[in-house]
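What follows is a single structure, and I will ask about it in a moment.
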């Protein structure tokens, strides 16, 4: 049977449920908050606040979309088990990997759509106040979408190991904490023995490097060059490899799990 | 009768609303003044205050970031300072180079991941770095002082940024801005000092500047506890006053203020030489700005 | 009966019927809340021939659902095997021939029955117009023709069970595995389901189902398997069972002519009970030869429920 059609069916199911459950209403409310915030900034006059407005938009977009991705994906598998909707699914002639991957794609689709809606609302709000959109903004959107794939993969992996609330909490801790831990390692390394570099590299490699996908700092400030193609290629490779590793861990746990 | 029951209830409710103020002193006796501020007695006020302070601090940090065009700088860690003192690594040289949060390739153990971060984050070599025009941050100073009117540093720096250059209109705007800050912080040595500086150096209006510094001197003398920033401002007040009295040919007052200042700041070289001091040149003025930042 | 391989109805047996399900020495265990292993199924062996309708009976906690879950590949057996149409039950190819109705099935609350069936149909490999037609036909069949666009969360429990039945019939499966099939259905729903199952049976579909509704089982099944505490305790063809459960009573006037006969001292009427017809005929002959008057012959149909209770008590 065509695997792509199976994954598409599962992902569409997740998306349809999410839309009907009015998850995207949350996005609309967040978008409204963004527009209102932009209006508040307009009160002070946008002249000179462009960097701040863009920086704020990038931070809010990054934060909200990551939260939405974590909450959506972290609930997918545990809720299937809890609500007993899993049985009719696993009774079908599909492998458990297909099920996981299809759900993962659904989570990514929900995260991407939410992010793009927020982006559109933010762009609208900023353009009303005359903030110029630059090509690097498109790179920001593209890289952020790639980063959301990693976020979804981490969240899905954790959700197969623990309860939904624990998975969501741990996802927040890991995804937001990993960049702080990376910073800590870098600072510690500045005074550490160079021999410990491999050890530091292993710890850093295990952590999800989601912050690498965030070019908000460049997009918000002026005169930064576009991110080179080789970097985008490297990040795409990282996204694929890290997500595959996370999905493999999920599958290792889920494939023999008693339902 | 039953039909009118809701109406009767409503009437009673409205009537009780009118009677309530009369009985309030009986049921809720007026608390004696504790001498505490609202944020010290009301949780909601305290919470709102915390929120305002946090937002303002965040804006302050962001402003610094924009002045570096998004490049995040960091101070030396205690460990780095310690290593520097021991002379194993030149920690001081690290500082001079402009230490960034994203490290330079030679100080990064991450290899390709580090290269990627330097290509995606706002990163550049900050050795001998310059700053973006502080004018771009002006709305942010306005924003942070609007959110937190007691944030003296925001008023002071905003005023300094407004007064940059030689445009007299800008100087007027700076004075207005600082006066607004003074209204919110009537005992602020920092703001008074900045107003006096703008009047004296930018507008050359010594006659208006002296009363401002005198006001600051008077406040300082009656302040029992001062933080480091206020002490710095208080010291500047004495320095400026001695210089201004000298420029306006009032040697007794100059001597008196210098003597008084030296009692409070005995090691101050400027005050000890105040009799010989000149009004600052244009270069001194720029130095002062750098110091502010 | 533990571990006993019952006479198979299939796979190279005398009647040549092929196996739909073959369970060999199946052991399923779970880890309990205290961390100890709980044996849900112990050395269970049975088989179901193609086209058979087999009822899987047992009290609560007997291991029925565990067996069904193991058959569906939801639970990894500790030992033993489950073959469906000759292939391991967890394989995709075996599951492509199974329609499964879980015991407590929930369906995505924010999808409607048509979307639910479309989703499952696509996972079953159905596409396009064929899928749509089949989904609509099935929804009409289970009586949900007018509720195809109503969200699942707005449907009653019985209606959801009908959605479940419809989804289990998607792709015309060769084997239907139904766990507590009639739970939540009203009498009309049960009647309709019975008709659907009889129709499926006529078309040669193998049906294996667990139920507590013994009357249902009696009406539908060719064979029953009784399980208790994870072990198979009995297996009977329903046809044979009915004749086995039938009892006969002979009433005549006079002294007892056989062992176990009881005489009413007031009326002088003797009643004797027999398990089979030949025994009854022999007793009548005996009574008549003794010159006694036969007053009545009564046939009592035994109930499956009584048999089930006795079988479980005997096993205990």
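Order of writing sets the chain letters: A, B and C. Residues in each chain are counted from 1.
Keep in mind that, in the parts below, contacts are C-beta pairs under 8 Å (C-beta built on N, C-alpha and C of every residue); 3 or more make two chains touch, one makes a residue touch a chain.
None of the values given here were measured: they were computed from a predicted structure.
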* Asked: Among line, ring, star, complete and other, which best matches the way these chains touch?
  -> line
* Quick check: more C-beta contact pairs in A-C or A-B? -> A-B
* Asked: Per the centroid of Cα atoms for each chain, what is the distance between chain B and chain C, given in Å?
  -> 82
* Asked: What is the distance in Å between the mean C-alpha positions of chain A and chain C?
  -> 49
* How big is the gap, in whole Å, between where the Cα atoms of chain A centre and where those of chain B centre? -> 38
* Residues of chain A whose C-beta touches two or more other chains -> none
* **Residues on chain B engaged by chain A in the complex (per definition of touch)** => 62, 65-66, 69-70, 72, 74, 77, 79-80, 83, 89, 94, 101, 103, 107-113, 115-117, 119-122, 132, 135-140, 142-143, 146
* To do: Would you tell me which residues of chain A are touching chain C in their complex?
  => 1, 5-6, 9-10, 12-13, 16-17, 20-21, 83-85, 87-95, 256, 258-259
* To do: Name, in rising order, each residue of chain C that touches chain A in their complex.
  => 30, 69, 72-76, 92-93, 95-96, 98, 100, 102, 104-111, 115, 119-120, 122-125, 127, 151, 164, 167
* Asked: If you look only at chain A, which of its residues touch chain B in the complex?
  -> 41, 44-45, 47-49, 51-52, 55, 143, 183, 185-191, 197, 200-201, 204-205, 209, 211-215, 217-218, 220-224, 227-228, 231, 234-235, 238
